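The following pair of complexes shares a single chain, chain A, combined with chain B in the former and chain C in the latter.
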Partner chain A sequence: MNSDTPIADDISPPRPAAASGSAPTSPRPTVRPIGFSRRGFLTASAAGVTASLAADMSAIQGLRGEAIASELKRQDKRVILLWLAGGASQFETWDPKPGTKTGGPFRAIPTNVAGIHISELLPELAQRMQHTAIIRSLNTKIADHGTAAELMECGRRNDPGIRYPDIGAVVARELGRLESKVPDYVSLYTSTEGRRKGTSGFLGARYSPMFLSDSMTPANILRPDSISATEHQDRAALRDALAKRFTAESHHLAVDSHQSAYQRVQGLMASADLFDVEREPESMRARYGPTQFGEQCLIARRLVEAGVPFVKVARAWWDSHGQNFETHQELCADLDHCMSALLDDLDERGLLENTLVITLGEFGRTPGINASLGRDHFASAWSCSLSGMGIRGGVAYGKTDEEGHKVVEGEANAGDLFATILEALGIDHEHEYMLGARPIPLSDFGSKPIREVLA
Partner chain B sequence: MKPNEDSPADDETTTRVRLPETVKVDKTVNLPGIGFCVTPDENPSTILLGMSDFAIHRLDFDAEKPESRPISEARHQSYVTGIVRSGKTAVSGGYDGALIWWNLETGEIIRQVDAAHAKWIRMLALSPDGTRVASVADDMRTKLWDIESGQLIADWGDYQLKTPHGYPSMLYAVAFSPDGHWLATGDKTGQVLVRDPADGTVAARLETPVMYTWDPKARNHSIGGIRSLAFSADAKTLAIGGMGKVGNIDHLEGVSRIEIFEWESQSKLHEIEDPKYKGLVEALRFGPGDQWLVAAGGDHGGFVSVYNLADGKLAAQEKVGNHVHDFTLAPDGESLITVGHHQAVSVLL
Partner chain C sequence: MCRLVEPPSLLPAIPAMRTCRFVVILWIGILCGLSSPDRSVTRAEELLSASSDLPEAVDHYVQERLDRYGIEPAPIADWQTVLRRTSLDLAGRIPTAAEYEWAERLPESDRRLAIVEHLMSLSDFDFHLRNSLDELLLANNPHNGEFRDYLLWAVRSRRPWDQIFRDLMAASSTDGPEKGAVHFLRSRVRQLDDLTNDTAILFFGVNVACAKCHDHPLVDQWQQDHFYGMQAFFSRTFMTRRNVITERPFGSVKFKSTAGEEKTASFTFLTGAAAEDKSPSFSDDERKRLEEQLRKMEQNENTGYVLFPDFSPRRELVELALQDAEDRFFAKNIVNRTWQRLMGLGLVDPPDQMHAANPPSHPELMDWLTRDLVEHRYDLRRLVRGIVLSDAYARSSRWASSDTPPSPSTFALAATKPLTPRQLATSLLVAARAPQTDPLDANSDASPWGRLRNDLENQAGGWVREFEYPTDPFQVAVDEALFFSNNERVQNDLLRDANDWLVGRLKATESDEELIRTLWIHVLTRQPDDEELATAQAWLSRDSTERFDSIRSLTWALLAGPEARFNR
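Take a look at the complex of A and B:
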């Protein structure tokens, strides 16, 4: 099966009401959640009920009111992934080993949660540990950038013929709102090293990220001055009418795709201001600081506040084969300050209880310190953090040995982390998509959420 | 084994003005960790090292089985990155921000200043008369201490705490001029200050922006900076060491780089880049008579290079074990001892 083939009924963008239920003109793979239609849920719960509601009402008729309420609540959930591209050192962040042969020069400092110490390079985050659970026992085995990044983004390795969606696409699929005027999945990655665009895999292009690589503002999304607002609306209406007429006679994926793309563009044009940090008060901008990462974290807050369910901010480049300690002094200062500002800002706005903030990269760094004072790739015993929504803060889960060579307690793999993230968001990690006749659980087969870090 | 001495002269020795034609590894001794800094002990064949095991070690190259051993059970709380000796007293500084005065005869701590700096101490320099020690640290302050009393004599804070791109800066290097009249310091962004240590007056500001190595596009960070400084014997020339433009900032693969100034006029005399042996220039010393300059450092591997100051050309060069963090040059210019990644190496010039 070609997994790049766009997906079908249940996770396609909403079709015009007249076309709902129309059979496709040719057989195509079906990705269908087992159980109820979530599209029906989301559509029904939209504030502005549209014509598509009637088409999907049957899907929600049998559901209990509590389930609907729960589903409604789900829509407020968001994720910000702080992607530490290249692989941050667990020794210089979440799992310090001061005074050991492998520990490096930095000390461990106490946090505001008794018994939990982290690197002295994260002094601000140390005072916000009540929001955060650290997982110190990741053993993900793969230590080359490309394959490891794919593993940690998707929670599993691709199988032959199947390209799995990354966590952003899954969250966009599960938490995105069809009527939303804002994108479902935004990925900021302006450095060039290790840049990855993200993948929606078999979920299809509808859940691909809006990928900002050259600047922090989407390019070419403003209406040209040569076209008036009225002309712009008229053009959209004409395009809609033509598309509806065409699909009423012969439904076709290409038309769906075009229509979806235009709808998203219209949404993006309306959300251009969200990417403009100049619209924030100077005091708020100062709080996040002057670095690019700080500005991107501020944009992430603006986006989730506006309802974007998944925002990835990639901060390059932690791949410290040379001068690991200089690299971490620089980059940890950035992470520490910007993430602290983000947590505070989300908390003060009442958003943190509905927003999960993740720090993750493709792997950690070796216990051994090489001749360039660097640490190399290491996936056998490393760390990540989860803060905010659905997380039991003030927890350090798992344990590595004295010098950080291996996990000795609470070993977790990529699938387990993926399952944990989904469960924190209230999404059943065992929920299955049907890819043709093949059931695909949201997290990898056999994965288990780490209950100890869940609220 | 040739005598070593680059701390205050204990006696007059014959100096070697002739330009070395070779760099030859004499003896390599394995270290139980990373040697970050070195100073000669009273015994000419013995060195004192600051190590990654947080201790001060002593190593006698003339011993039948040379072995690096801590001088005391007492230690810093982090890597030891600076050490100087004045008579029977050594002063060390480390990433713990502390300065420790050591009695070299007993190994006992004479004095400890735990918060000498608010951040990581990067280097120490001893005044030529042996009465003062200068320290630089990532709190971006330069401090001057009295060796005998431990009293803080001066505290200068004229560097920016942040780089132009908003990240923490670092103050890596410090050196006294041989006449004791000048003190040079260099930071991560390539800024050099030359001041009068008597009153703190800044006499010159030099810039070496290439050594900053800021990479705004691919990796969005930097790993360079000024890592070494050395005055000529006449105090007129200042050599500055670091790394040049780097493509892959994940590794130390930029060319090693030295800029040499007639500092009072701010005239650049030489700009030296070595594409053969890449990485950081971690230490610099002028040879006797100011005819040549020795540089050492490296990426994974270490190097020792000798440059002719008449034309800035390479005179001799050799790979020297692993990455070299520091070296001490014998006053006669005939030999040096490097310390670095798990190795100390004696080298003949």
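Take a look at the complex of A and C:
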């Protein structure tokens, strides 16, 4: 890291230097009172009671200077991650090798961008390549599901004593708005994904995903039947009023975070409708199709449209150790259709220029085809795609050798991809978080964005 | 097998750029500490006499720094706050109403001592110390019943900390009460780096991970020697197909130094002290036969034997760590972590960075407590008791003056600590149950309180997953606020309409004021102030709502409030 890199972003309360003659002090957190009014009981005493929407934000604002930070946030940038859980084959998607020993039975087809061919299993996407950059030269080395998923989600491996945030948490923190009434990071389930929840790591639970584990409606977002709507709101106001004394007297950022968590409850409850596809016209639902992945892509669009900065939709299970070709026939059809519908829909709504769509799994699949006609885990030469915001569409970056055994041009690792994603969003990937005394850059030490795919 | 001989330099390349700045700083620190070990160690004769009372020593050294900085510390907190804080820290739960009434009647001069002695006599203390150790040692794999059973047995039988360390590193009992100790290693055995790093972090307060690939121009050899030296102690460890942890009788860690030199790591502790490899040398035939036996143990479920070689590198690690009389990494680490748990911040912070460039906020106190712990045979109860009886522990967490509060590391005021998931869950249940059983009558685990506490411990297990374990910096997740606001379990369990539960009993209370006072004592261990009383009275006298619904909502508002979420 350059030593002239930027002002660090202190994520923990300041601590004094080692003992010296003068008394160390710690500044009080900046408290920004936010009045709110509520109908019913306690309106007067509740207003102005609650302070400090996430006092940790005062530290965050220290980052690049407040003006730039809020400018970034005002631009309403969004990310949708289509997570191909289990690891999709690059041969049957973005990097076909027809007619070779490793290529399998499917053909390559031309796309609407001259010179770029992709697998015939993605015919609809082939007609939308103007939005998309393909990266064919990932070499990420790790080929077991758990560790590789951690690597690709966080852009690096965890170090002892440091748990890194995943891309969703970083985006939630960098692009989420304090006053937002919607969640900043939503992770939609899939029944066979192994329930990877995602992690906010050292950024803390404020940036944890709202994780939908087994239903299309987030847990605890609806009022229980046993209490009326009025009573539910009134008791929340009562809670705020009674919390006043303790919150004001404490000198603790965590106490403030308790208050801000409760302040977000009503807003999040109001966003329950965003998860309801029934609210979309029949024609729109038909475009996405009736599959779970299709419905979740539609929910993802509803969420980003409402201001959610990061949505992950997982599609499983691509882990085709046996019957690779049948598996990909089925899954690619779903991916091709749903992702195309999503890109079209975002484009028509003018959202695509502010929304980055990442299509990625934990690794690719082996060139060799095993005895069960499957492909195994492979992380040495595989592909992903980026579409929309900040991306130079119609680009195929990097190259693998003739049979796809290794990368021969433009090799990129997980950190490079992470840096590329951040740069596409206009976030400085070298910016550092301060974890205590440790400077930690947003993307791994030494990583470089792939400029060729950036707009 | 190949893991042992494969040079780690062949593992996925780690870019040289990873050598981050903080690593450099910290490692220079460690090495300074290693090369001149007494830099941060005060000579024993300079310390307060060993016969000083432990709380006295704490207050002496904390006061010394406050005087040096000219800081007037916060006053001792009111007795209700001290009772609640001590109860959460020793019993892992808030006090019951009976304990509140008992403490109120105690004479001021005896109160703190009586509270501590009462709480330490309960099974609650064992449960909570067990839970604290569990959260420390098996954070990577929580809720392991066998491991928790082992720790509870160890705590109940007053097993000293060095002996617990021996149990965890030996991991050799396949039945008996020590059986569950195996899980410390078992949960990490697939990752040699985890075995190495977690042991160094959790038992010695030192994070050696940074030295794996660090290439400081002057001292990188040493650094790598220390990382791989630690790793050597675990490199022979493996798990058989039947989940028994044992060691190979041969094998070593080879690594490539940053200068490109191939080296074999010796069994070297952080102090530089090394253990000799006392394994017998094997002929090629013997070795081949052993390899075959090891392979069977590792791969075949039906292999009826496990080899435990006479020479155990892990046992050597224990011996070296316990013989370390100079740096005392092992003893200092648990002093620091116990201090951190009770005082909210370690004497050394962060707790995995014990080295000369990151000295303790109170070096003499660290040395005094370390000496005391070792001289009293690693008795954690004594350490805990001593800290909680100090004035430093009992201070108010409020900073009344309008000046900026002093740094937490001065301990001029008490920390506000988020509750752990278990403390929170158990406290919510104690509040909601409003137990009539009196912990003051508990004289054995079979007493009514002992049985109830056992039930609460089990029930709490069903709630802990709803809450985040506090990390630093800690933030409350919005999921938790949604859970409290909307989950039916909160409504049906914590606010249960049953005569012997809290809201049921409140319902039967006619006077609003009495009801409110009872509620505040049960949930917050204090009386309401005038404003709170007025607010609550106004709430209960709303015309629009059934009285019982108002009682439930009022109770909810306190249970979901910040004061119930933190230890102040």
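Criterion: the second predicted complex is superposed on the first by the 362 of 455 C-alpha atoms of A that agree within 3 Å, B and C clash if a C-alpha of one lies under 4 Å from a C-alpha of the other, contacts with A are read in each partner's own complex, and residues count from 1 in each chain.
Heads up, the rule we're going with is that contacts are C-beta pairs under 8 Å (C-beta built on N, C-alpha and C of every residue); 3 or more make two chains touch, one makes a residue touch a chain.
Quick caveat, the model's predicted, so the values are computed rather than measured.
Of the two partner chains placed by the overlay, only chain B lies in contact with A:290; chain C stays clear of it.
Once the two complexes are overlaid on the shared chain, A:316 sits against chain B while remaining clear of chain C. Applying the stated contact rule after C-alpha superposition, one finds that A:451 touches neither chain B nor chain C. Using the contact criterion defined above for the overlaid structures, shared-chain residue A:241 touches chain C, although it does not reach chain B. Of the two partner chains, chain C is the only one touched by A:206; chain B is not.
More residues of chain A are in touch with C than with the other of chain B and chain C. Residue overlap on chain A between the chain B contacts of one complex and the chain C contacts of the other is empty. If you check the complex, the residues on chain A that touch chain B are 86, 98-99, 101, 105-107, 190-193, 289-294, 315-317, 319-323, 326-327, 329-331, 333-334, 369-374.
The residues of chain A lying in touch with chain C in their complex are 1, 3, 11-13, 15-16, 18-19, 21-28, 41-42, 45, 54, 56, 141-142, 159-161, 183, 202, 204-206, 208, 210, 218-224, 226-227, 230-232, 234-236, 238-239, 241-243, 245-247, 249-255, 257-259, 261-262, 264-265, 268-269, 436-440, 444-446. Partner chain A is touched in their complex by these residues of chain B: 33-34, 52-54, 77-79, 94-96, 120, 138, 165-168, 170, 217-223, 225, 249-253, 279, 298-301, 322-323, 340-342.
Residues 12, 15-22, 25, 65, 68-71, 193-194, 197-198, 201, 207, 209, 349-350, 352, 358-359, 361, 397-399, 404-410, 413, 416, 418, 468, 470-483, 485-488, 491-492, 529, 531-532, 535-536, 538-539, 542, 544-545, 549, 553-554, 556-558, 560-563, 565-566, 568 of chain C are the ones that touch chain A when the two sit in their complex.
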